[in-house]
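Each of the next two complexes has chain A plus one more chain, namely chain B in the first and chain C in the second.
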Partner chain A sequence: MTVSDEQIPAASVPTGEGRAGTNGRGAALELRGVSKHFGSTVALAEANLSVRPGEFLTLLGPSGSGKTTMLRLIVGFEAPTSGQILLRGSDISHMSPAERDIGMVFQQYALFPHMTVADNIAYGLKIRRWPAAERKHKVEEMLELIRLPGFGDRYPRQLSGGQQQRVALGRALAYDPALILMDEPLGALDRTLRLQMEEEIRRLHRKLNATVIYVTHDQQEALALSDRIAIMRDGRIVALGTPEELYYRPGNSFVASFFANANLLPVDGHERRSADTAWVHCAGQELEVPAVGGGGEPAVLSVRRRSLRLGPADGLRLDGTVEETLLFGDEREVAMSVDGIGRVVAVLDARDSGEVRVGEPITLYAPAADTLLVPEI
Partner chain B sequence: MFVLYPLVKLGIDSFSTGDGLSNYAAVFESAAGRKALITTVIGSVIVAVLAVGIGGICSWYIRSTKSTFARIVLWLAVLTPFWMGTVTKNYAIVLLIAENGALNQLLDVVGLSGLDLLYTPTAVLLGMVYTMVPYAAVSIYGALLTIDDSLLSAARSMGASRARIIRTIVLPLAMPGIVASTALVFAISLGFYVTPVLLGGAQTPFMATFIQDRILTFFDYGVASAASVVLLVIAIVILGLVVALVGRERLVRAIA
Partner chain C sequence: MRLSPRTSDRITRIAGFVTVTLAAAFLLAPVLLTAVLSFSNDPYFGVPPDTWGFRQYETLFTDQIWRDALMLSLKIALPVGLLSAVIAVPAVFAIHRSRLPGRNVLHVGGLAGIIIPISAFAVAMYGVLADFGLLGTYAGLVLANTVLALPLMLVVTSAALSRIPVELELAAMVTGASRARAWFGITLRLLAPAMIGGFVLAVVTSFDEAVFINFIGGPGLTTLPKAILDSARLGVDPVIMAVATLLMVATSILMILALKFARSTDE
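Let's turn to the complex of A and B:
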């Protein structure tokens, strides 16, 4: 996905501010072999990542996967054990946060409780010695941008959670940083508010053309917001791609199950037919399926929940017993147990699957083209 | 019962023994009384400022150090005087600053002339600060703990220097705790008795010494109780001012 090159009107950047590059908006960020060790623990191993100017990149992974460590290294709270971090082409690996020009949004908002909304937003501007008049003007502009005009004199405790997080966004954006980092910014909000804030973040990103690195463990959030997603596990980036790529062609079993919620079916044998197809022996059947990876390593068959259907189809056939059904409005989630395979979860059309009963036998089909042989990690 | 009765009795005695108000007049009119009162109040102010300063810096380091070892060592250093008995504590100071004590021996080694600190007001202040630092450190540490780490991280991410973070975030947020701590140390310092006697000697008249002299040497119980009431009133007024200044809720939160 490309981001528009359209520039923000120059009027929004005060002329009194002589910093080079502050009006360039989103900057490029590159990580070259960045590692971080805490004693004998490897929090981040040899991370390589290149973020384009104006890109929205999400670091997605379970807790302890190294995504927050990566964020702390980028903002400068920690120094990497080895490797280089380049912002706009220059090495910032060992600079203090003050020298980096980065804005950050935190999960618990982290607004200064003893300062008004306006003073919170102006905090970074004061550090950058903006003259009072321009500071005031910029604060007004930010309040408009985050849709809280007239809230400047309030204190954070007088605002709702969503409003507080908008102020936190405004505070991080006010000084036009080269890069915006967001550390699970929606984690403290309820579901409805989260959807609204996703919308808000998308709007701000489009409008400002900022480079954003966003950390979350919520795959829905990553899908909704990102240009590209880096999936992390055990201190490593295990996959990097657009939401489409990762969802429909995950590069390995972890991405398939963590990101696409796919079922991973054991195979009794597999053999490459071409660069991207393979013969597999699975659930007592021989099938030709799409494949990723080198072909030599152990592999499993990834079957997304929505690929499974009741009607007969060419491809994989699974016979099992219904263990559990859950109705989600238009959809019904059905968990079945299959001999020799284990538990398989399918998402079926709710009306078609009205006859499905717990404890009864069930047969589901997946078209071969909707399955994928992935290396097991 | 055990708190109120003696206090009420003290108040009544200060008026009923002898001829009432003259007891108070005696406290303020006698040169010794005036001098003791001024020494006590000024000394307590100095002690409060120094103890809160030192205790505040210590507790900030304890709060912000990442090393568990450093934290334990600092806590031990700060709290040791807390666990020592009053006499032990003051004797330790005597050993430090006596004519042939550790401090003078050290000065001798580096070639400086010795200091004659013992039995001076400085010695008393030193002993009092030594005693009060733990009180200050513990109460300010409590206030510092209420400051969320993410606030400091947020300020750092925006490029704030350590000095700016302390000035614009830590101090304003810890201020109720700092003010409460200062008042507490001041009020406790007003009543110091052993330290002025042991370290100050006859030259350094503190109010507690003055009161004891009235009772044991002059058997003038009325003036003694009047002097006590004066100290008590000063302490109450200061605490009252602090409550008014900081606000009761914030104070309770800062102390708790």
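Let's turn to the complex of A and C:
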């Protein structure tokens, strides 16, 4: 299968600049119909992707979605079954990892335990035969950049997890590679540290203007860091776009629920009104809502949790029974069950929803403009 | 009578201490006695010795029989150490880093030397070496001792390799290292302490070997353990106290070194 416009509806069709990559010029990295089969298992199916210079692109997907396979193909730990990988216009599909000019950050840091921090950072420079004086200078510069000045003589085991990951970043950035790959680099860190490191990565990316491909299964991380996100499922890219596009106008039901945590409400019927609006019959009501996709395929109504509110409003009305409430400080998550629809989750203002009680009936409203008819996949 | 938990706690602790002390004394007393008796200056065996001195050690280092035995033991033990490294290191890579079918069988097979009872193993070895005409030869002894020493090398290097993440080698390769450079500079370098530890263990095992030699040794092939055994059989020569003491000291030092090296891989 090709990831054609049909599979990446509306929001996810790359805009003009994205398309510039397809001729090989202007793109830092390009994947042309790249697939990887392990025996009869298809780990990656004909992926097409173009990454712009200086772009921060995230591969987001649940485990087994093919994101790690794609990363391993790009870095050269695996060879593609078919297709081409181009880095700055030249075909690297069958080069060894060492020849590709890529830097990589691993989930478990992968620092060399028998080398000092300085030697770890200088590893790529030494291989590239930089003179000792320049190497030393560059190491100092990198230590400043990763905010670990004076740590050069320490060994990795003497550092905390966050510090080790910063050294790993320094090692990957030191030789100024054409592309930086990050494989769930924050996966081994605790929550507080993860937020700090997110900021650190954002700062480094802004400062160095490096091209980054970042792999994660964490939707929040992808939202916070990325210029564009490719959402993957079952070895395919099912959506590609900016965080805003994917969050507010997801191209299909998978993106809506996986990326925007939206409720997917079954519809009893729908009909196109224009290119981007449709009549839907949902929860016993008829209303005109924004729509994406071709219009012919089965569709569901996506309603984000924060689109639902207590006060009467024009649009979709849902009557149900409260199943569960959870207070998150300023907000309260309310799960309700609606006849004929099932479980619907809403995030309400905590103070407005103080009267919500488990087991009691509740009515919530969503403005029609805040819902979206999406193709079901 | 009821004991308070505190009292019974104390009693158990004292009982434990006494048991461990007795066990240690029981194990170490002969060792200490041997060491003390090795400084007897008598030409015959007697407890306690009538005179004290270094006579036994002088005999040991001047007597041709003992010197030859020591040299032969070393000439067997060192190649055994090297051979086990040469066999075990590629084997542990196959076991841990490849998709080779039957690699678990390889692992268990490699450990056979310490699993099978040694006398049964020696009988089997006798048959095999006889078939190949290696009975009573130097090469036969080296091969047999290698089978015996290999498991230790395998255990030590296998444990160490399983603690070296594959990612380190991959990280080196992305950073620009050739496969060979990543392998020698990172993985093998990190495995080196375990290899040295395993080597020492293998050498000590071979050096101490006293069972196989009686089955597959022959005239002119008298290792140090065999010489001790022969000497003890012919009548108690006090020289063997000196031999035994030296052996114990040397092995202890080597074992401590081996453990130290094997452990340093963790850091």
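A few comments on the model shown:
We take it that the second predicted complex is superposed on the first by the 350 of 377 C-alpha atoms of A that agree within 3 Å, B and C clash if a C-alpha of one lies under 4 Å from a C-alpha of the other, contacts with A are read in each partner's own complex, and residues count from 1 in each chain.
Note that contacts are C-beta pairs under 8 Å (C-beta built on N, C-alpha and C of every residue); 3 or more make two chains touch, one makes a residue touch a chain.
Just so it is clear, the structure is predicted and the values come from calculations on it, not from any experiment.
With both complexes brought onto chain A, simultaneous placement of chain B and chain C is prevented by a clash.
Of the two partner chains placed by superposition, only chain C is touched by A:R157; chain B is not.
Shared-chain residue A:A278: touches no atom of chain B or chain C. By the touch criterion defined above, A:Q108 reaches both chain B and chain C. When the two complexes are overlaid on their common chain A, residue A:F77 makes contact with chain B and with chain C alike. Once chain A of one complex is fitted onto chain A of the other, the partner contacts of A:P97 extend to both chain B and chain C. Contact with both chain B and chain C is seen for A:R128 once the two complexes are overlaid on the shared chain. Touching of chain A by both chain B and chain C, each in its own complex, is seen for residues 75-77, 97-98, 100, 102-104, 106, 108, 110-114, 123-124, 127-128, 171-172, 175, 181.
Within the complex formed with chain A, the residues of chain B that make contact are 148, 150-151, 153-161, 164, 168-169, 172-173. Within the complex, the chain A residues that touch chain C are 75-77, 96-98, 100, 102-104, 106, 108, 110-114, 123-124, 127-128, 157, 171-172, 175, 181. On the side of chain C, the complex with chain A involves touching residues 165, 167-168, 170-179, 181, 186, 189-190, 267.
Looking at the complex, you find that chain A touches chain B at residues 75-77, 97-104, 106-108, 110-114, 123-124, 127-128, 168, 171-172, 175, 181.
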